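All chains are identified by letter, namely A, B, C, D, E and F, in their written order; residue positions are counted from 1 within each chain.
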Amino acid sequence: MTKKHLSPLPRLLVEDAVRMALKEDLGRAGDITTDAIIAPDARIRAVIRARRAGRIAGLDLAQSAFGMLDENISFERCVNDGEDAGAGEDVVRISGLARAVLSAERVALNYLGHMSGIATMTRELVALTKGTKAQICDTRKTTPGLRLFEKYAVKAGGGANHRFGLDDAVLIKDNHIAAAGGIASAIGAARANAGHMVKVEVEVDTLEQLDLALGCDVDAVLLDNMDPATLAEAVRRIDGKALAEASGGVNAATVAGIAASGVDLISVGALTHSAPVLDLGLDF
Amino acid sequence: MTKKHLSPLPRLLVEDAVRMALKEDLGRAGDITTDAIIAPDARIRAVIRARRAGRIAGLDLAQSAFGMLDENISFERCVNDGEDAGAGEDVVRISGLARAVLSAERVALNYLGHMSGIATMTRELVALTKGTKAQICDTRKTTPGLRLFEKYAVKAGGGANHRFGLDDAVLIKDNHIAAAGGIASAIGAARANAGHMVKVEVEVDTLEQLDLALGCDVDAVLLDNMDPATLAEAVRRIDGKALAEASGGVNAATVAGIAASGVDLISVGALTHSAPVLDLGLDF
Amino acid sequence: MTKKHLSPLPRLLVEDAVRMALKEDLGRAGDITTDAIIAPDARIRAVIRARRAGRIAGLDLAQSAFGMLDENISFERCVNDGEDAGAGEDVVRISGLARAVLSAERVALNYLGHMSGIATMTRELVALTKGTKAQICDTRKTTPGLRLFEKYAVKAGGGANHRFGLDDAVLIKDNHIAAAGGIASAIGAARANAGHMVKVEVEVDTLEQLDLALGCDVDAVLLDNMDPATLAEAVRRIDGKALAEASGGVNAATVAGIAASGVDLISVGALTHSAPVLDLGLDF
Amino acid sequence: MTKKHLSPLPRLLVEDAVRMALKEDLGRAGDITTDAIIAPDARIRAVIRARRAGRIAGLDLAQSAFGMLDENISFERCVNDGEDAGAGEDVVRISGLARAVLSAERVALNYLGHMSGIATMTRELVALTKGTKAQICDTRKTTPGLRLFEKYAVKAGGGANHRFGLDDAVLIKDNHIAAAGGIASAIGAARANAGHMVKVEVEVDTLEQLDLALGCDVDAVLLDNMDPATLAEAVRRIDGKALAEASGGVNAATVAGIAASGVDLISVGALTHSAPVLDLGLDF
Amino acid sequence: MTKKHLSPLPRLLVEDAVRMALKEDLGRAGDITTDAIIAPDARIRAVIRARRAGRIAGLDLAQSAFGMLDENISFERCVNDGEDAGAGEDVVRISGLARAVLSAERVALNYLGHMSGIATMTRELVALTKGTKAQICDTRKTTPGLRLFEKYAVKAGGGANHRFGLDDAVLIKDNHIAAAGGIASAIGAARANAGHMVKVEVEVDTLEQLDLALGCDVDAVLLDNMDPATLAEAVRRIDGKALAEASGGVNAATVAGIAASGVDLISVGALTHSAPVLDLGLDF
Amino acid sequence: MTKKHLSPLPRLLVEDAVRMALKEDLGRAGDITTDAIIAPDARIRAVIRARRAGRIAGLDLAQSAFGMLDENISFERCVNDGEDAGAGEDVVRISGLARAVLSAERVALNYLGHMSGIATMTRELVALTKGTKAQICDTRKTTPGLRLFEKYAVKAGGGANHRFGLDDAVLIKDNHIAAAGGIASAIGAARANAGHMVKVEVEVDTLEQLDLALGCDVDAVLLDNMDPATLAEAVRRIDGKALAEASGGVNAATVAGIAASGVDLISVGALTHSAPVLDLGLDF
């Protein structure tokens, strides 16, 4: 198991999220359409199908949605999280109570489509950086309440995760530097107060700032909005003494050039804030 | 007040959402970077600025995020929800404790950017249907946990809201019809079981199905994936006896043609599942 | 399935409610009487019996209460929700761990008695309006936290449900009209702002107000505190253009007269705020 | 302060309850009628008025409901909890934002009417037992989720509180006795396992059982379904060695006779499960 | 079952606590070490072993922790709650998914070690008072959120429980007496306002105060910080008219002398606020 | 601000914790003693005083407890978190409603005493390692639900924080190594799967294991249960290539010797699982 793999999401957190989403959709009175029309014991077969090709993520959430309304649901995965589905391909085959399938459909697809959309955009950028050492990673620009799931989707797309919140790593930005009176004192304050298992990264806008940062004890530098040539020079100066992360202006047109500069990481906010849904449908 | 306006989101629900999001970001240990570097009593001035032009939505959530960390924050709105900001324009001017501003920044912008993105996409489709009677409306294809806020953003963009969940209106789809043994019996079952304050809409794929539906007591018909010509014929047959809603294949290229068919509503899933964020930044 | 039937309550909501109620009763230390006296593996048989005749509602909640304390409980229903039990008749036969049965008894009976009381009062009013088109329906005058269950009980008694909350339908009252400067502008504002799947009802106190309302686009009119003769005239004027709902002063003595006026609906707050419990006991 | 008085409900619990109730009523989209029609800054004056005479209870909940939607609301109490309001008398005068008053009205009245109904029924039974030593007290036959508030209402009506749950006192019933193999061993088990600050009561159906109970260490005996003559004999035998509580068949017709038997307490399930609402209205 | 035994903790409350604790430890991203290294289907055998001798308490919580991450876990108890484990003795044998065992280990041991520490200290004091009538009991000096579990551990150690909170018994302290203007009026106010199933205890510092208290209707007296001789005199004066509880300065050196004074109870805050953990380890 | 300081706990998390603790203590009926005896408007002055010398931590929680019951409470700190109080010294002076002070006293002191106990034990170990580079740090052996507060108390005592949970750093233990088939592959798997902002520590029991670990990319090594001489040799071999953390058998007698070995960190489970409370009292 020495290589990268995708570990399942913690079940407790999946269940909490799905229960919340089902309650949001069922409201006070439940699925009044289905309850009025479909017999309680009617059964149904259905298929979740990819209408476009993409990378799948979120099947545990989808399964949990159906399972909460019919604990005996059959949910057969044709594609797993982290794998690709072709256009028109079956992703899941479902069989169970018709009421459960119809009432949970939207919640299941909302999670699955959103997360697969993120995984698909990630996969595309990962593919464009193939052959370089650069990993595509996410940011904290996530949808409120969905950070865990969105970061999991980034991994499913072949990307890596930046910090999960304000508390699990230090990232010093320009305002922190200004308030501290300089890069060195900002880093010093962070090291003095953060625990020994906490990494420290500092954002720099120029090569001059980079040099200052490299004079301090930093684990990573965030090279903000630099062009590929400047990035390459930055990588040269860093020379393995810290991780080099590029950020800003990353898209399908620019990512290969950025990666070629030799940076270790390329962080992309759009993965989690602007990826369009992957179009998936439930067919009967 | 006889015309359309934008009512504030219920404060209780805004606070719950923002508290959840702050906790997600602060984690167990809080903002360890800011706490290490910024003095507790340091104050700051900052501006939320639109990096691109767009329609603003979500200011109450942003204000609440800052306010929960500094109850005396000053949060001056230069643009209101439902109004447009030009590229580079100030949206909000903030003044308060530096720690609060820095620690709440991401949560505030995550809400504001996401909702403004939705409002902006809505506004664009609304503009393209100007001069027709068609309203742009949303669907239940929303991000789990954010339905209220996303539907509010659609209104801020000039759109209208479809049902909020499975319980506040009946929408009969093809599976319901199949299970009930036909359109008439599906509608009959819905009417018999739903309360008298509940509207009933039925989805039809063909003009033949439409004719069957119009023979029943329906409030609205969802015309699924029809081309503009068919839509126009459908509108002619409906003749005001029900609301006509077009759905499927709606985008900036097609929406004007669909609207010209005379339908009352055009529902668009992409508004809430695929709108890219509106790029907003916090400058100091 | 084209006629009225009673769909089960959403299981997720039933479980949340029962868990809350058990915790309220168990407090911090649990059932100290039963725990002190009854052996952990002792088993018991018991019967829930109707001490008076009535309409049953709430069995899912009762079953859930016992089931949460003994997941292998046997809970055999002799009467179903929506059916009548005679005085002295067995409603449920239970067999399981004695501790679970004794500790959950009160929560189970509190839900079942309360809901069956509502169903029984509803059934009585429904019987008194037989042969008319009038349906008996509920209001928002419900016990806080129990709206879903109380409205379900009304359906179990043969009644119909009015709106479930402030958000799923528009109901314009005299204060709204006064604030808007008249019925027409109030209705106009409601139509302009509510979604297309939302119905609009307006409350009128006089036939003059009714005429104004009928000049607007309303789905229903609430005829408040009118005598049967006035109601009949109102129904004549409405002439099928909107639903006619009578309200105010409804009780067993008056309901038949009101129903004879031809109204579509008779709403009764007492169903949910003043129905006495149905007397049910657990016998061993 | 040596006599009986009514202490305010814990504020933390009041706020939790009211927040839950407001969310239940506001649903996902809020008060769509009021938001559409009433201007955000419109102000209103209103009066909560008793339509029938009764004992008031629940003003803190009502005030909290309005206060959560308008923190500057003016809420002037003309009658306090535990005091009587005559028919037509003003109970509270309110002044504040019209939207807040209209949106919170139903939640406020639902609590206030329900609790005042309980207080009023309690007051009536208390009045009928005047001149005796008997106190009217409640049971655990309460509405799920409302036990605290219903027991407070009983105190507001001049009654006393029995135990609040399964954990704060021991009450041994016939099934416990049967399982333990007799009254003495049941009481023995309870004493051995309950803490020293816990009282023990035992339910007896006959004078023979009473004699057995009095041979043990009990704090109170519940005399179940005995006629006044038997109760009087029971009281004679108890002779102050334990508290005597009568239960079963208590109503306005029987309560004076029961009280005359000399019992210390008369417990009445109907107070909390069958008291009709006190009719209160909000007038503008 | 007439003697003291240990009833299982309410399952609903155990599950809530364990879920909270697992979420606290898993955070947002889960057990990143185990997920990276251990295969999802790897299985493991492990033993919870006592590194020092002690009394065990908390096995239901430990089992629930493992069970929430692997519902098929095998959890075989070699020692039960309320029993002693020798140094080096196996307490539980576990077999299940390696990921579940490793990820839940710390939460399981944190509960089990903490509660067993309390049980062990209690057992020691109980042993030192053998042959006297004195019971060792706890106080409200508990760790926030853990009162139920800590009081259960005291019972597992052979101790007894004082009140569980501010609401299940009256305990009048010096400040209450001062505010009421004397012991008699304080007790009078308590009796007048508390329900009939509530016991009343009063704290006294001197024999003079004791005499005043004994002139009133009290169920127990808390003899605060008295030496054994004074306690003996207090017990003589009380003469069975109330329970005698000693408090203050209780430890292993003093407890036997205090118990010899003839008091009924000795309350010890240190049981729940200062007991060191019982050292337990998970070996593979 | 480049040196170590103590940042306040996040207010949102403090309030959640205190609210939970107050509810646990108030139960369903509140403080029945105080409510019966103390007038609602009575005011009181009180002092929190250290009965023994110690390091203070937890004042924000104590203040919040009183403040939730009396929002106008005066809470004047004589000693701050992270400072020492001498025996008999005033820590806080309080003035406010007597009911609030008496009802919140226990919750406030339970938090303050528990956290100050941890800070005091930490301070003692820190003092014993003065002059060395070793920092005293905590573990995940914390009381469920209190991790944040206990780790804050360790900082208040002059210690440092290890990871907050399973998700914010990698710590590879012997079982992980066994499952992975060796130290190198375990570290490889961790690096491949954890994000770039996550540190990796590996536990070693011998110098041979240490050499293997140092051949890999690790940020820290946990030297488990080694004697000072072995630790010194380990430090020599590590030679600044990773952080050196000693663990196991740490107490007041051994800590100085361990620190003298030159390790960077000494982790001590007892800080959070076995520190006795700091004795603090509320005097009036």
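Just so we're on the same page, contacts are C-beta pairs under 8 Å (C-beta built on N, C-alpha and C of every residue); 3 or more make two chains touch, one makes a residue touch a chain.
What you are looking at is a predicted structure, and each value in this text was computed from that prediction instead of being measured.
Under the contact definition stated at the top, the chains bordering both chain E and chain F are A, B, C, D.
Chains that touch both chain D and chain E: A, B, C, F.
Where the sister copies chain B and chain F meet, the same residue numbers recur on both sides for under half of the interface positions.
Each chain gets one centre point, the mean of its Cα atoms, and the points for chain C and chain F are 52 Å apart.
If each chain is reduced to the centroid of its CA atoms, chain B and chain C end up 32 Å from each other. Listed for chain B are residues 1, 7, 24, 26-30, 35-39, 147, 161, 164-165, 167-168, 171, 180, 189, 192-193, 198, each touching two or more other chains. Viewed as a network of touching protein chains, the structure reduces to a complete graph with every chain in contact with every other.
By the touch criterion given at the top, residues 1, 7-13, 147-148, 151, 161, 164-165, 168 of chain A touch chain E in their complex. Taken together, the chain B residues at the contact with chain F in this complex read 19, 22-23, 26-30, 35-40, 68-69.
Touching chain C in their complex are the following residues of chain D: 17, 20-21, 24-39, 42, 44, 98, 102-103, 106-107, 109-111, 113-114, 117, 140-147, 164-168, 170-176, 178-180, 186, 189-190, 192-194, 198, 269-270, 273-274, 276-277, 284.
Interface residues of chain A, counted against chain D in their complex, comprise 24, 27-28. Those residues of chain A lying in contact with chain F across their complex are 1-5, 7, 135, 137, 160-164, 167-169, 171, 180, 185, 188-189, 192-193, 195-199, 201, 219-220, 243, 245, 264-265.
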